[in-house]
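The following blocks contain the structures, represented as structure tokens.
In the two complexes below, chain A is the common chain; its partner is chain B in one and chain C in the other.
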Partner chain A sequence: MDVRAQISMVFHLDKCIGCHTCSLACKNVWTSREGAEYMWWNNVETKPGTGYPTLWEDQTKYRGGWEVKGNILRPKLGRRLGLLSNIFFNPFLPTMDDYYEPWTYKYGQLFNAPQADDQPTARAVSKVTGKFLDVEAGPNWDDDMSGSSIYARNDINLSALTDAEREALFRTEQMVFFYVPRICNHCLNPGCVAVCPSGAIYKRAEDGVVVVSQEKCRGWRFCVSGCPYKKTYYNWKTGKSEKCMLCYPRIETGQPSSCFHACVGRIRYKGLLLYDAERIESVAKTPDAGLVEAQRSLILDPNDERVVAAARKNGIGDDWISVARKSPVYKFVKEWGIALPLHAEFRTLPMLFYVPPVLPVLASNTNGSYDLGNRDFFGKVEDSRVPMKYMAHLFSAGNEEIVKKALKKLMAVRAYQQAKSVGNLSVGQASAQLAEAGCSTDEAEAIFRMTALPRFEDRFVLPPYHREEAIETTTETIKQKGETGLGFTRPPKRGP
Partner chain B sequence: MLETFLFGVFPYAALVIMIGGVIWRYTTNQFSYSSVSSQFLENRQLFWGSAPWHYGIILILLGHLVGVLFPDTIQAINGVPVRLYILEGTALAMSLALLVGLVVLITRRVISPRVRVTTSVMDGVLLFVLLFQVVTGIMTAIFYRWGSAWFIQTATPYLRSVFTLSPNIEYMTALPLLSKLHAINFFVLLALFPFSRLVHMLSVPLAYLWRPYQVVMWYRRRQIQQ
Partner chain C sequence: MGWLFVIRTSLKDMKKVTFHLKGAVEKDKITYLIFTSVILLAASIMFSGIFAGAATPSEDGKEIFKQKCQACHTIGGGRGIGPDLKEVTAIRDSAWLISFITAPDKLIAQGDPIAKELVQQYGLPMPNLGVSENDAKAILAYLDAQSTARAIAPPQSATEAPSVSTTALPASAATGRDLYTGAIALTNGGPACISCHNIRGVGIIGGGTVGKDLTDAYANLDEEAIHAILRATPFPMMKEIFSAKPLTTEEIANLSAFLEETSNAPSPSSQTPWTFIGIGVAGAIVIIGIFQLLWRGRLSGVRRSLVKGGSR
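Moving on to the complex of A and B:
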């Protein structure tokens, strides 16, 4: 057992209102620079939809993630030699047109235009070329566009559905969508690291954050196609790749990452997980249907004495182990089993988990009237507006049982709370639903509290980094403090 | 006098600039080391430029290198006329391919608005010098037949004399003007090397072929070791 720690995250999709505050918090802190304008380390997309960059989930197009050939796990981009032979031209690289061309407006024209019969307008200009631009795409162009023929209907997750199911999904009265905020998953088996020829991308062993060394990166740009989530970006100005680094300067000083801190819906949770690094490869080779379960088995119980002993042997301090015991992520993923990885079939073992949204059918249009039918309160999971096949394609590598189990539990918690606080359901009905979902009343209570009433320190349980001790080894702490915030010693300018 | 300078002094100046410049840039500004790829901005024309250019130039450069390091091999190959024709024919075909690639790359820099704004002055200078080098090389190959045969009698001993610090410029003064320009321009390229995107040649990621896929770094362990 090779125990390592990982800062991990949960997104509770039922609570996401799609406001993009997270995206802006991130943009303001990290990517409002030339060459990085088009990058959204955090973005929010509407599902069903094609996402950002367009069709990022389509790995026949970009070849991200891993595949198992025989018994060998290899990057979809190819093995090492085959990959290097494409170094002068990567046929699977998304280009700026797959994201969007960043733009601003000629605001000055609103004030400086000569007097005329028409209102002056501020036309869009490209932030790359400075020329006028007809804006045709943006980072969230598919926002709320459920049913649209360009966005929603081209969602590749719909391939799991039959034609009839697809049509049903787009019937006006059943039209449905939900939001998926995405940041780098800080995977256990990252695709970007595996295909980086320079070895510039690495995973920090202590906390699992995946970062790009800007000094070592040589701009070979395989990471951009190698990441199946398209969360590494090529800075066209500096010729270097950049990605989300989980705001490590913030978490090292005890603050949650910007996007987490800014979240209006409070959908985000952050905590520590302990995992067994020895079994990463074997888990990543598991057949699709068993992938989510296998990944869960990789996450270790911080209360298990053997795990604790092995963690200590690897240099994980008691303070970190006690933080792992309080981790909200551990509860969501392991104890309750209601948080699932996004697209586990990419086999990168993403360490960012989603609580799938409950989208029940409340009513249907029968003979022109709004018909509630004879359903149970809230309806059944199987009657969800979004077919289980679609959810399973997103959150459990096609295994419907896993998504269903999570959703049933979430429904049962609602029923339990209805019975308790509103009383429109009998306790017996609620208990029956809880029993069917395999959930105790204590657990239902805990899920309710963590979902509806968590405080800041319940949502973000961060380990102490002891940065002061780390700094002491290289420089005096007072001197370091004095120097903080002075910026770059050499501006990060593009090489000649 | 001029030729003494160009073939006896300038090569050393170029080499010193190149080696010193690379060390200076690598130690003080590694951030600037990059292929500075523009595929992200434009990738349709790039294929027809980048692929033939890179594969062509690698083979042609290797050919020159073999001529300098193992002239006997070239001589042995050229011993039979058919083999000489095949060698020269292949080399000419490769150089025409890389010329096409280079022209596509230059055109693309000019006509693609996105690529044009990311082009530095040095990129322009470099493309011009490279084009000059390729054109003089190809013209030498066409007008002065069987270069692979006389290269090893002239350029090889000259370059070897330069590297042994006893430059014998007579090998070069006897050559036609085109070849002289080709040789001098080569040293110009060496001098430009550390100040242009050419440094990406030093980053050829061969180590990737033996590296495990995952890279995990410990901070704590490094501290403990200290």
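Moving on to the complex of A and C:
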């Protein structure tokens, strides 16, 4: 057993209102620089939709993640020879149009335009070329199903559905959408690290945060293709790749990352997990249907004495182990089993888990009135407007049972709370639903508290990094203060 | 193809040269000690020789002249690579001559007007051949003696050199060409001429540009001078490379024949830099074409085609 620690995350999609505050918090802190304007280390997508960059989930185009060929786990982008043969001409990159051309407006025109019969307008100008631009797309262009006749219909997760099911999704009474906020997953088996020709990307030993060394990066951009989530970005100004680094300067000083801190819906949880690094390869090779279960089994119980002993042997301190015991992520993923990885079939073992959203039930339009038929308003999981196949494609590598189980538990917790505080259900009905979902009343209570009433310190349980002690051996701490963050110790020649 | 071999051998030799230089730095002190003692010993032998009258300076000078000077200079034989040295002792001050013979590079670097003029006139500076002051004096004594003798006698080298050298051997220009390009390796393992020297009509892209273009070498010098140069390889880089791997007499004859043939051949008009540039441009176009074909799917965005497809 090779026990290591990993900072990991849970996003509770039931609570996401799609306000993009997380995106803006991140943009303001990290990517409002020249060369980084188009990057959204955090972005919020509307599903069904094609996301940002367009069709990022379609690995036939971008070749991200891993595949099992024979009994060998290899990057979809190819192994050494494959990479080398494309090294000067990587053919699997998103274009600027697939992201979007960043723009601003010529606001000055509103004040300085010469007097004329027309109202002056602020025309859009590209932030890359500085020329006037017809804005055709943006990072959340299909937000709230705008343009969904194009973008939602081309969501590749719909490929699991029959034509009739797909058509049904786009009828007005059955129209449905939800939000998926995305950041770097800080995977256990990261595709970007595996394909980097310069060896510039690495996973930090202490907490598993995946970062790009700005000194080693040579801008080959294979990480951009290699990451199936398209969460590494190429900075055209510095000629280096950049990505979400989980605001490590913040977490090292005991603060949650910017997007976590800013989240209005308080959907984000952050905690420590212990996992068995020895089994990463065998887990990543598991066939699709068993992937989510296998990934869960990789996460170790921090209360198990053997795990604790092995963790101590690997130099994980008791303070970190005790933080791992209080981890909200451990509860969501292992204890309750309601948080699932996004697109586990990419086999990177993402360490960001999503609690799938409970969505409205099916209805039909009879004689101009909204008709639920004989379905409950809060209904059954099977009656959900979004077919389970679609959810399974997103969150459980096609295994419907896993998503269904998670959603049933969430529904049962709702029923339990309704019985307690609204009274539209009897306690008996609620208990039956809980029993069906395999959930005790204590567990239901705990899930409810963690979902609806968590305090700041319940949501973010961060390990003590002792950063001040770690750096004072080599650096003057007062001098170091205010110097943390992105930047170069030796500026690149093309640099900013 | 010969040129591949050429590149290989020349690289090998370059490595050896650098290694040699490195070694010299590392063994600095020991070499210094050995050299000083050897020089002192040599000097004492020479002095004892001079004072004992075992050989006259003029006779010593003859040997030294043959070894070190004859490759470029004649006495009354006309201009070679360097000037004819007949009566040079009368024209130049002897102190200047000694300092020039012992360290021409130093004098040139100092900007000596005569040295500068000579360099300009002959197109290349005289290399430092490591001649000691005493050797220089011996050479001057020999030159003195020869200058007077030559006025009557026919040039000595004209009668002497052929008997020593190679005109008797059958020389083949074709073999010479193969030696030049490296198709036939040199017996003692020296690198082929093409590694450093260009010559008209050899290879597609010609030879190296480290050394001089040898197309007109035969026309500028004469056979004897070429033989002497190939035998003594007096130029700094050639000395470094060929002193341990001298050319054989047959090789010299063959190469000389090849140089003669090239020099006499009418110059074809095609041998211009445009051939090379043309090949380069055509090659670049072909390679870019292959890239375009292999990676034609690259940077074809996906969003535009979605929008163009519209709602289905």
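Operating definition for what follows: the second predicted complex is superposed on the first by the 468 of 496 C-alpha atoms of A that agree within 3 Å, B and C clash if a C-alpha of one lies under 4 Å from a C-alpha of the other, contacts with A are read in each partner's own complex, and residues count from 1 in each chain.
Here is the rule we go by: contacts are C-beta pairs under 8 Å (C-beta built on N, C-alpha and C of every residue); 3 or more make two chains touch, one makes a residue touch a chain.
Keep in mind it's a predicted model, so treat the numbers as computed, not measured.
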{"item": "Side-by-side fit of chain B and chain C on chain A, or clash", "value": "clash"}
{"item": "Which of chain B and chain C A:T95 touches, first, second, both or neither", "value": "both"}
{"item": "Partner chain(s) touched by A:E67 [first = chain B, second = chain C, both, neither]", "value": "neither"}
{"item": "First, second, both or neither for A:G199, with chain B first and chain C second", "value": "first"}
{"item": "Which of chain B and chain C A:T129 touches, first, second, both or neither", "value": "first"}
{"item": "Chain B versus chain C as contact partner of A:Y151, first or second or both or neither", "value": "second"}
{"item": "Partner chain(s) touched by A:D288 [first = chain B, second = chain C, both, neither]", "value": "neither"}
{"item": "Partner chain in contact with A:T50 - chain B first, chain C second, else both or neither", "value": "second"}
{"item": "Touching both chain C and chain B, counted on chain A across the two superposed complexes", "value": "89-91, 93, 95"}
{"item": "Chain B-facing residues of chain A, complex", "value": "75, 80-81, 83-84, 87-91, 93, 95-96, 128-131, 189-190, 193-194, 196-199, 201-206, 214-221, 224, 234, 236-240, 277, 280, 315, 470, 473, 490, 492-496"}
{"item": "Touching residues on chain C, where the partner in the complex is chain A", "value": "291, 294-295, 297-304, 306-307, 309-312"}
{"item": "Contacting residues of chain A [partner chain C, same complex]", "value": "50, 54-55, 58, 61, 86, 89-91, 93-95, 97-98, 136-137, 149-151, 153-154"}
{"item": "Partner chain A, residues of chain B touching it in the complex", "value": "28-43, 46-47, 50-51, 53-55, 113-114, 116-118, 120, 122, 195-197, 199-200, 203, 205, 207-209, 211, 213-221, 223-224, 226"}
